[in-house]
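Each in structure tokens, the structures are laid out below.
After this come two complexes, each holding chain A, first together with chain B and then together with chain C.
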Partner chain A sequence: MIADMTLSRLLAADVGYLVLPVVLPLLGAFLMQPLARVSARGARILGPLLLVLSAGITAQLWLQLGDAPFSLAIGGFAAPLGILFYADRIALLFALAIPVFALLFWPEFGPGAGGRDQAARRDALMLLLVAAATGLALSGDLFNIYVFYELAAVASFGLVALTGTGRSQVATFRYLMISAFGSVFALLGIAILYMQTGTLNLAQIAQLAPETLPNPIGLAAFALMLIGFGVKAELFPVNTWVPEVYAGAPARVSALLAGLVSKLAVLVVVRLLVLIFPQPEAAELMLVLGVLGILTGELAAWRAKDFPRMLAFSSIGQLGMVFVAFAISGEIGLLAGLAVMLHHLIVKSALFGLAVRWSGSLEALSGAAGVSPLASALFVLFALSLIGVPPLPGFWAKILVLIGLAEGGTPLDMMALMALLLATAIEASYLFRVAIRLYEDTPTPVPPPARRDLGVAALLGALLLAVTVGLKPVADRLGEDAAQLGERALYIQTALPSHVARKD
Partner chain B sequence: MMSFTFETVVLIGALGLAVIGALGMVISNHLFRMLLALAIAESGANLLIVLTGFRAGGVAPILGAGDPAASMVDPIPQVLVLTAIVIGVGVQALAVALLIKVYQAYGTLDVRELRDRMDADVAAAAGVEADASQDAPAGGRPLSPAPSRGTAGFGRRSPAPADGLRP
Partner chain C sequence: MRNLASLLFAGGLAFLLLAIASQLAFGTPSMRVGAEILAVAPDEVGAANLVTAVLLGYRGIDTLGELAILFAAATAAGVVLGRRHANARRDPPGGEVLRTGADLLFPLLLVVGLYVIAHGHLTPGGGFQGGVILAAAFFVIILAQPTRHLRHSLISWIEGLAGAAFILIGLWALVEDGDFLAPLLGQGAMGELLSAGTLPLLSLAIGLKVGAELAGIMAHIAEAEAPDA
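Up next, the complex of A and B:
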């Protein structure tokens, strides 16, 4: 009995550390300015240090607690009265990936262009983005999800406007407007959900949903929230900010926004879909918007004449595919969605890393292979994986989506399948066009990517190849992740008070 | 038959505000008007959330004052709305600051003109040829352009952008 109590207390104490990956960067963001006054060097290392710490804490928690999901009642107030963090394997995976990717694409480790004050401001915004993104991955109630979503939005406005050029400011303003427009929609959706169920706790809404939400009102709430959270996820009608923002922002910030932040918005939508809106109409709506995203994104990417905007449009198309994948019913949909999502996270971030120096037109890139053979080889590797050439992971991700759609078999599924195949052909066309240009025999002065970005891209490329070699264990793990993500009962059981681990 | 109580009227009003604001954001061609429309839409959404916790004749949700819990208005939507208002104010302030910067850079706040000039800027920065303006008629104009009707200060600045305002 006593041993049992000590064990549970130990376990509870460990769970409490889950707040640190959110709290530490948040604290750091607000300490950054005063610290920069005292010691510029201290302020510069504060950000990376906190990120390493957060990643370490998350990894440690994961190793100690294993793969079973757990939840944490913040401040000891049990849900549904209190707010909670819910950590399953996917949430922990993202909580780990966020600080790691933020470190890989940290804008500047040195003082940078704008001097000490600018550096402190930029680092503070980065920490804010990391805290908000981690909070988004872990939050278990709509209130906190909304707050963290807004926090991530505000931090990204600041980061996008960093370059200070007129075009980046116009881009930021339009991004802000569309984002605020989306927030109004999300708020309306949340209001409807609250009106119907009387709670904001995801688990409790999930419990009440079967009686209160399978009706047109529930569907309207989902549609509103899909549009609202879809802004960051580059969903079809609310993605007009994407090309100009990614063309105007610093490329490393673009890498984070396209790679990481968009996936967290997708994760929120998937949680809503799995827990609260299991009705087929909700998934169909997502499927249609996803297909439109695929077609418009890929066609625009085919027409693009410069590298960052080509990547931006192609990322719209890829995220459309993520939405299509998650719209497939059953576990195969979740598995396909996770595979496409994680693949895009790795590949698109790395490509934006290459775009730091290759920000010019595609024509100017001809002959780049002569200057930097490694960068060109990496581009070809990522391009092949994006198109889906076996045996690279991109192929397996795409084939999962195709199999899922074929199994679904409804006319909508078939339409999505055809759109996907068409998109693959378009993708191959424009990516190969660039690849051929890279290996042209015209010696032009193309700047080679900086050693740091090249290192990051090489690292992610190596990860991609490692997954190719060890596909079986990775696929098995991902399958278990998807199974856990899809278990509604498990979420409710873990998140609701009688099972919540209390903090002492 | 639905009776038009006070709550129903306010509910319809809140939804109406949100719709007016959202439409205004989509159809206005001036950045400042878009911002005003955003403020209207946000107040509509906020009003709707407050309404979800409203109880006719309810009292403030403070325990210990002797009122039974059943007669209190729901505090959670109020908390949510307070948060939403604060976030909204912050975002709007940021938007105004950005508007000033945009005006300093381009000397106009007209969406169409800004879009063309930003596209040209993006293309120039990337070293590629810009696409034709989205507002330009396909195949060129058969007649010479009509003299533009400049609205003073608000709307499209014409005929020439004020280069003196650029930093």
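Up next, the complex of A and C:
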């Protein structure tokens, strides 16, 4: 009876249920290890079950409440005193994508190598990562964002160290040090903002920013937060952890970190840029770091000798492009950024999925097409889209960035444009090199990807093709998303309705 | 070369931070939110300790996040710390004086820890601080007698259920009141032990979870193999 009532209220889409996609995975994570002592099978299905439930709740809320943004004051304490969640279309899109991708790249459904205890820890860490990522997508409070960012970081340390080899532990330690360094920077930036404005609420800071932050102090705060949140987003100077970690971690975890978690860090930076730091200097800083990321990432990928490292370096380059795109002023920048970001989410996740069994050196892959033609075909598809060969969506995303840069027209924009073209050539060179190797006519001992990874890659490949066919509606929708993301006044109005009213 | 680069970097960073610091107006904080909380918190939450009102009321989800970070760290430590071989060397026990001292300290630390937890909404303290004191009680025991085992399953259950209790109290408020972690049960008279609604319960949940977690990490480290063994 009570369960029935709860269920019917759940179906009635109360805005308050927006916390559930964050809170339910946390609950599952806390209970995972004791549950595993009672029922190993129950613990095994708990994680995926909660992910399905979270995705369902988000989808339900989105369907019922429509595309207009809404906010939720947690605990009933109205912002700015309390913390609020802000759900616009992009936030909801990510809140939906997170459990779905976590399910697609769930490390293992079985007990795995480490036995029952290790499996329970792994699943608990996965759920913590999901909760943290969802919190990052939804939160509208700067310190709350920092808390979820830290949670994502600590959970990923554990996941990355899962393989238990000495190499992966060294990589994890390096990752931990760089992350800690970045966290201090981010916290310092947040502290400066708090000192200058007296609040942590994003909307209220946005309201106060024009008076308090258009000065070197504000810019310094942005730079500190850019570096801090940039660690997870693989931003240029703080991305040295990337290759070793992705090469050493379980490939599905790498897929999630490179595909999903990096994008949420980018989303935080974009919110800061849109709401609080409209100064051109802030965007220029991001542009320069993005260009350096593109060049270093692609050149390193060109030299890489094994498959996961090549993907890791290429991911640095692609995220550099995301930063460049978001640095373009105006709606085209946001649209280009979103397009590149979502494209990379789909493509790079799928490629890391293929790397689960192809983790060795690139030379070992020669002739893999003979063993697994579908996987090789999918690799070629994703590679073509990454390079930006028309009519695949990657071409459209890249063209948007190029158009935006050309319209901007400043010397910096032109430099970024040249870098992007150069990077495309390098990308084509090393990706084709691998593709040719796959189709070489040598018998090979390389194992075909597991059926599950192949299925996921095929699913994402089908999604990519579907977008290619239906590019027009997708582009329109993404344009609306970008417009909503860029509306500073709408964010403030939605997050602090009473405040705005009181001020007038 | 590498050292020189590090030195240059550190120097540049220090200069940058000093430059920023010189621009900040220290000593005159902008009390936008702080002043408002001072004005409304006693009526809205009813906790005599306003810090707790902020931690468990206004910013309750932050506290949940921090609890989760600690849990993630403990779990990640569990992933990394290996299992010991059955015949691996153990540290020798600490001797009569240390053992008796530990046995004497144990109940005292438990009482202090529980006191700090229970009075979190009244005086400085609360779940995190009290939880650490609870864990310290077990640290003392383990350090004095390295051969003693803590029961992992019990620790794991306390930890899991305490964490779940925090969230379930929040979900109860969601069902009852429509808001996750909204304070329930009425505020009572400010300054009483039983006041401030569900805040003491949340403190208790945090205290037990933090205590069990830290004690669990310590037990894990104590059982992991020494590198020279």
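Methods note: the second predicted complex is superposed on the first by the 484 of 504 C-alpha atoms of A that agree within 3 Å, B and C clash if a C-alpha of one lies under 4 Å from a C-alpha of the other, contacts with A are read in each partner's own complex, and residues count from 1 in each chain.
Rule of thumb we're sticking to: contacts are C-beta pairs under 8 Å (C-beta built on N, C-alpha and C of every residue); 3 or more make two chains touch, one makes a residue touch a chain.
These numbers come from a predicted model, not from an experiment.
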Touching partner for A:Y17 - first (chain B), second (chain C), both, neither: second
Which superposed partner A:L200 touches (first chain B, second chain C, both, neither): both
Partner chain in contact with A:F143 - chain B first, chain C second, else both or neither: both
First, second, both or neither for A:I276, with chain B first and chain C second: neither
Chain B versus chain C as contact partner of A:G248, first or second or both or neither: first
Touched partner set for A:A43, first chain B, second chain C, both or neither: neither
Touching partner for A:Q169 - first (chain B), second (chain C), both, neither: both
Partner chain in contact with A:F157 - chain B first, chain C second, else both or neither: both
Partner, of chain C and chain B, that touches more residues belonging to chain A: C
On chain A, positions contacted by chain B and by chain C: 143, 147, 150, 154, 157, 161, 169, 172, 188, 195, 198, 200
Footprint of chain C on chain A - complex, ascending: 6, 9, 14, 16-17, 19, 22-23, 26-27, 29-35, 37, 73-77, 80-83, 117-118, 121-122, 124-125, 128, 131-132, 135, 143-144, 147-148, 150-151, 154-155, 157-158, 161-162, 164, 169, 172, 188, 192, 195-201, 204, 216-217, 220
Residue ranges of chain C touching chain A (in the complex, touch as defined): 16-17, 20, 23-25, 29-34, 36-37, 40, 44, 57-62, 64-66, 68-69, 71-73, 75-76, 78-80, 153, 156-157, 159-161, 163-164, 167-168, 170-171, 173-175, 177-183, 209
Residues of chain A that touch chain B when the two form their complex: 143, 146-147, 150, 153-154, 157, 161, 165-167, 169-173, 176-177, 180-181, 183-185, 187-188, 190-191, 194-195, 198, 200, 244, 247-248, 305-309, 359-364
Residues of chain B defined as touching chain A within the complex: 18, 21-22, 25, 31, 34-35, 38, 41-42, 44-46, 48-49, 51-53, 74, 76-77, 79-80, 83-84, 87-88, 90-91, 94-95, 98-99, 101-102, 105-106, 114, 118, 121-123, 125-129
